[in-house]
Amino acid sequence: MSDAAKGLTRQQMCDRLAMEFQDGWIVNLGIGIPTLCSNCDFGDKEIIFHAENGVIGYGPLARPGDEDLHLVNAGGQHVTLQPGAAIVHHADSFGIIRSGRIDVTVLGAYEVAANGDFANWKTAGQKGGGIGGAMDLAACAKHVFVAMEQTTRNGAPRLVERCAIPVTARGVVDLVITNYGLYEITADGMALKEIAPGVTVDEVRATTGCNLIVPREVPPVRLRA
Amino acid sequence: MSDAAKGLTRQQMCDRLAMEFQDGWIVNLGIGIPTLCSNCDFGDKEIIFHAENGVIGYGPLARPGDEDLHLVNAGGQHVTLQPGAAIVHHADSFGIIRSGRIDVTVLGAYEVAANGDFANWKTAGQKGGGIGGAMDLAACAKHVFVAMEQTTRNGAPRLVERCAIPVTARGVVDLVITNYGLYEITADGMALKEIAPGVTVDEVRATTGCNLIVPREVPPVRLRA
Amino acid sequence: MPRSKIFPSFAEAVSDIADGSVVGFGGFAVVGMPVNLYQALAEQGAKNLTCVSNGTGGGATLPADAPNLSRLISNNQVSKVICAFTAPTRASQRLVLTEYVDKGLIEAELVPQGTLAERMRAAGAGIPAFYTPAAVGTELAEGRETRVFGGREYLLEEALPLDYAFIRAWQADAFGNLRFRRSQRNFNPVMAMAARVTIVEVEEEILPRGAIDPDDVHLPGIFVHRMVKIPPPPEGWWPRRPAEIAAQQQAGRNAR
Amino acid sequence: MPRSKIFPSFAEAVSDIADGSVVGFGGFAVVGMPVNLYQALAEQGAKNLTCVSNGTGGGATLPADAPNLSRLISNNQVSKVICAFTAPTRASQRLVLTEYVDKGLIEAELVPQGTLAERMRAAGAGIPAFYTPAAVGTELAEGRETRVFGGREYLLEEALPLDYAFIRAWQADAFGNLRFRRSQRNFNPVMAMAARVTIVEVEEEILPRGAIDPDDVHLPGIFVHRMVKIPPPPEGWWPRRPAEIAAQQQAGRNAR
């Protein structure tokens, strides 16, 4: 059984993924862990955050007491606007998504499979689901990154050979961060690229439900100083 | 051969059609004769003029020297805005048209047939054509009125049994005004409803290319005092 | 002159909503949510409604007892919902909807959020159907018509027209030209364009006709049919910071 | 920081347009027409272009020799046009295009104006195809796929993506957020959304980033890639009242 508190914090997970964002990218963040990406320090890089509700160019969370009650991100959190922000309506906002203008979407997931499928909208046996904008984003963003815990609360692996629950999109995930490490979906399958401080490769293997490509030397997850 | 100067002036033709506009109607005017409808006096009635280029709520032509060079109607004429006007882009403007929100479009035509077909985008033998927004408007407006001369320059009838040139839309025309009179397209065919001052029923019949339903007494075209 | 679009009360603005109507409710995470119109419709009592909305709940900027789609559901006014969220996204959550769906009292149609917005945009733009890449290869596409364009598979989706759109706006003029503030825009203009009748709750005093520059209108007045100015609290519903709501509730408890 | 979107000249802004590109030109009856970008492209000389525009001509608020799509055609740069007007609407008119079509040098695709706008909107919204009622039952629908929805027949239309959109705007900030004035908006935002690269000629001085309120942006900067401030006349092209143009031309003739 895994220890959810082991390894990276949620903010560290997002900090690591955010290092992959390139200068000028348009980034969409899903509900949950991914929203922490808008708090990262991007230095000289310009990152434009887009939310499903039509906000283009938001920034860090508003300070308590300073919230603009007319302004939230996709997770319903009160955020701030960056200079140059613009607002569009929901249909135009998803037009931006479907036309492939989102460079990366960072989403949460219940399961990610070695073939790049992932599932994040309904649990086993559940009627209905909570899709939100995930299916549009997953099908259309140039890159799909996933941020999630290494295992479920019961210790079951979230990195799997094939998704057991209904998928959100097929073959779209590029990169996965968990509290245990950074994984890349390659043509050959799931590859461990970096490992969290304090976590061993054996612990990663024991909590991973698919074949894992592991280099002889696994570098530690890169973290900002 | 007909006399184009005979009967109604173009402004009178438009004044008569404009009497049919109901309070609160959204009206779209085609290039040519129909544009004169926005100069009419509607008294207490509120008429909202919509143009293909996204102007909602324009009014009479601008006075020479007072033109706003950023503002034209569908015919490229410099118009004025009424209080409460709004601007949208071309795709939204045609969304308004296609969704059936235009109560009436007044269009010019080369030919109108007794079955409600009409033709206004290409002449016989011409390659290509000038459609503009006419096909969208004709297919989707709640009412289609046509304003045109009774005959061609050569005296050929424009009111015909069946269109000889490619149609703009089929079975859509409700009402036609020419310099000779007002016609309604009924289930039984083309009906003369009102006749222009100085024009005889025989002259109308001689210049009409389809069977014409003519009441025993044809009232004169109603004109404002 | 046509009849004024300004109505004196929410009750009058929703009085004619018939049983079986299809009603869209704007808003996203409370922002732009027509809270006062939810309340008016709950009091009006129309039944067998088909309700279109992003989700069924409220959010942290409203008290737990504020009206929302869950209120209409528990009021037995709803026979179908069309939403992007028809089940909880966290194990700790519970949706009123779930119980009604489980009992077979309500049909829930789950639609990806972008498809939901585009289906209404299509209705508002006279487009009966379109193709989208969203949901291809998923359970939601099972048994449905797909088609390949340019080597990629797309799903056919049909327009979603509404009888009524219930929306919330920031500013309005007397003709119904509207402006939304920040992320309040969201689904609101799209639903209005899809609707036969649009009813708006307006935050600021309704301005004289033409007071909004034509270039600055977010939703033209031709899409708007009825407007009601939201009264100040406590008569009208206004979102507040969660800390303020908690403080007020605490004060209420202390007073009892 | 990404490279600035502000270019010092029209020549630099269009320098990389390759032969065979698909270019959309905004504007409707001169208003919002990218006159300066037409001129730059005529001087740049790219060939075999597919040009998308409402029509091919100019209008009464520009001198007869002002650049427009007809200039590119007579310059032998165009292999195909996609327009809502491909023939004169009056017997007295004559289009440069006609001669080239008659000689088989240019292919002309005639598209109803609303379909033209919606095909580009679809491209910009990731919709590969949609159905429309326009042109059903006409020569333009002959041999094409139609389908019945709700008892009415509709025509299938595919998205029209552009390599480049050439547009004209009133105001811009340094990030590329744009505002259009009055009927200048027309096709301009739609073409920008359909395009891989959008190039803008801007009427007013380009403002610092963020100077336009986010609620007042007509076209978000993410759709805009290059901007050039239009210089004052005579270096830049600016529409003028027909009477002024006539007076100036008369003055020119008198001076000769």
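In this document, chain identifiers A, B, C and D correspond to the written order of the chains, with residue numbering beginning at 1 in each.
By our rule, a residue touches a chain if its C-beta (ideal position, glycine included) is under 8 Å from a C-beta of that chain, and two chains touch if they have at least 3 such contacts.
Small disclaimer: the values here were computed from a predicted structure and weren't measured.
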| item | value |
| --- | --- |
| Subunit C and subunit A - chains in contact with each | D |
| Intercentroid distance (Cα basis), subunit B paired with subunit A, Å | 57 |
| Rounded Å distance, subunit A centre to subunit D centre (Cα mean) | 39 |
| Centroid spacing, where centroids are CA-atom means, of subunit B and subunit D in whole angstrom | 28 |
| Multi-chain contact residues (two or more partners), subunit C | 118, 121, 125-127, 132-133, 180-182, 185, 214-215, 218 |
| For subunit A, residues that touch 2 or more chains besides their own | 81, 87-88, 91, 94-95, 97-98, 140 |
| Chain contact graph, described as a line, ring, star, complete graph or other shape | other |
| Every chain pair in contact, whichever chains are involved | A-C, A-D, B-C, B-D, C-D |
| Subunit A partner contacts - residues on subunit C that touch it in the complex | 28-32, 54-55, 59-61, 84-89, 91, 97-98, 101-102, 108, 110-115, 117-118, 120-121, 132-140, 170, 180-190, 218, 239-241, 243 |
| Subunit C partner contacts - residues on subunit D that touch it in the complex | 118, 122, 125-133, 147, 149-150, 152, 154, 158, 179-182, 214-216, 218 |
| For the subunit B and subunit C complex, residues of the former touching the latter | 23-24, 26, 44-46, 48, 50, 56-57, 81-88, 91-92, 94-101, 140 |
| Residues of subunit B defined as touching subunit D within the complex | 31, 51-55, 64-65, 67-72, 75-76, 81, 87-91, 93-95, 97-98, 122-123, 126-136, 139-140, 166-170 |
| Contact footprint of subunit A on subunit D as seen in their complex | 1-2, 121, 123-127, 173-175, 177, 193, 209-210, 212, 214-215, 217, 220-222 |
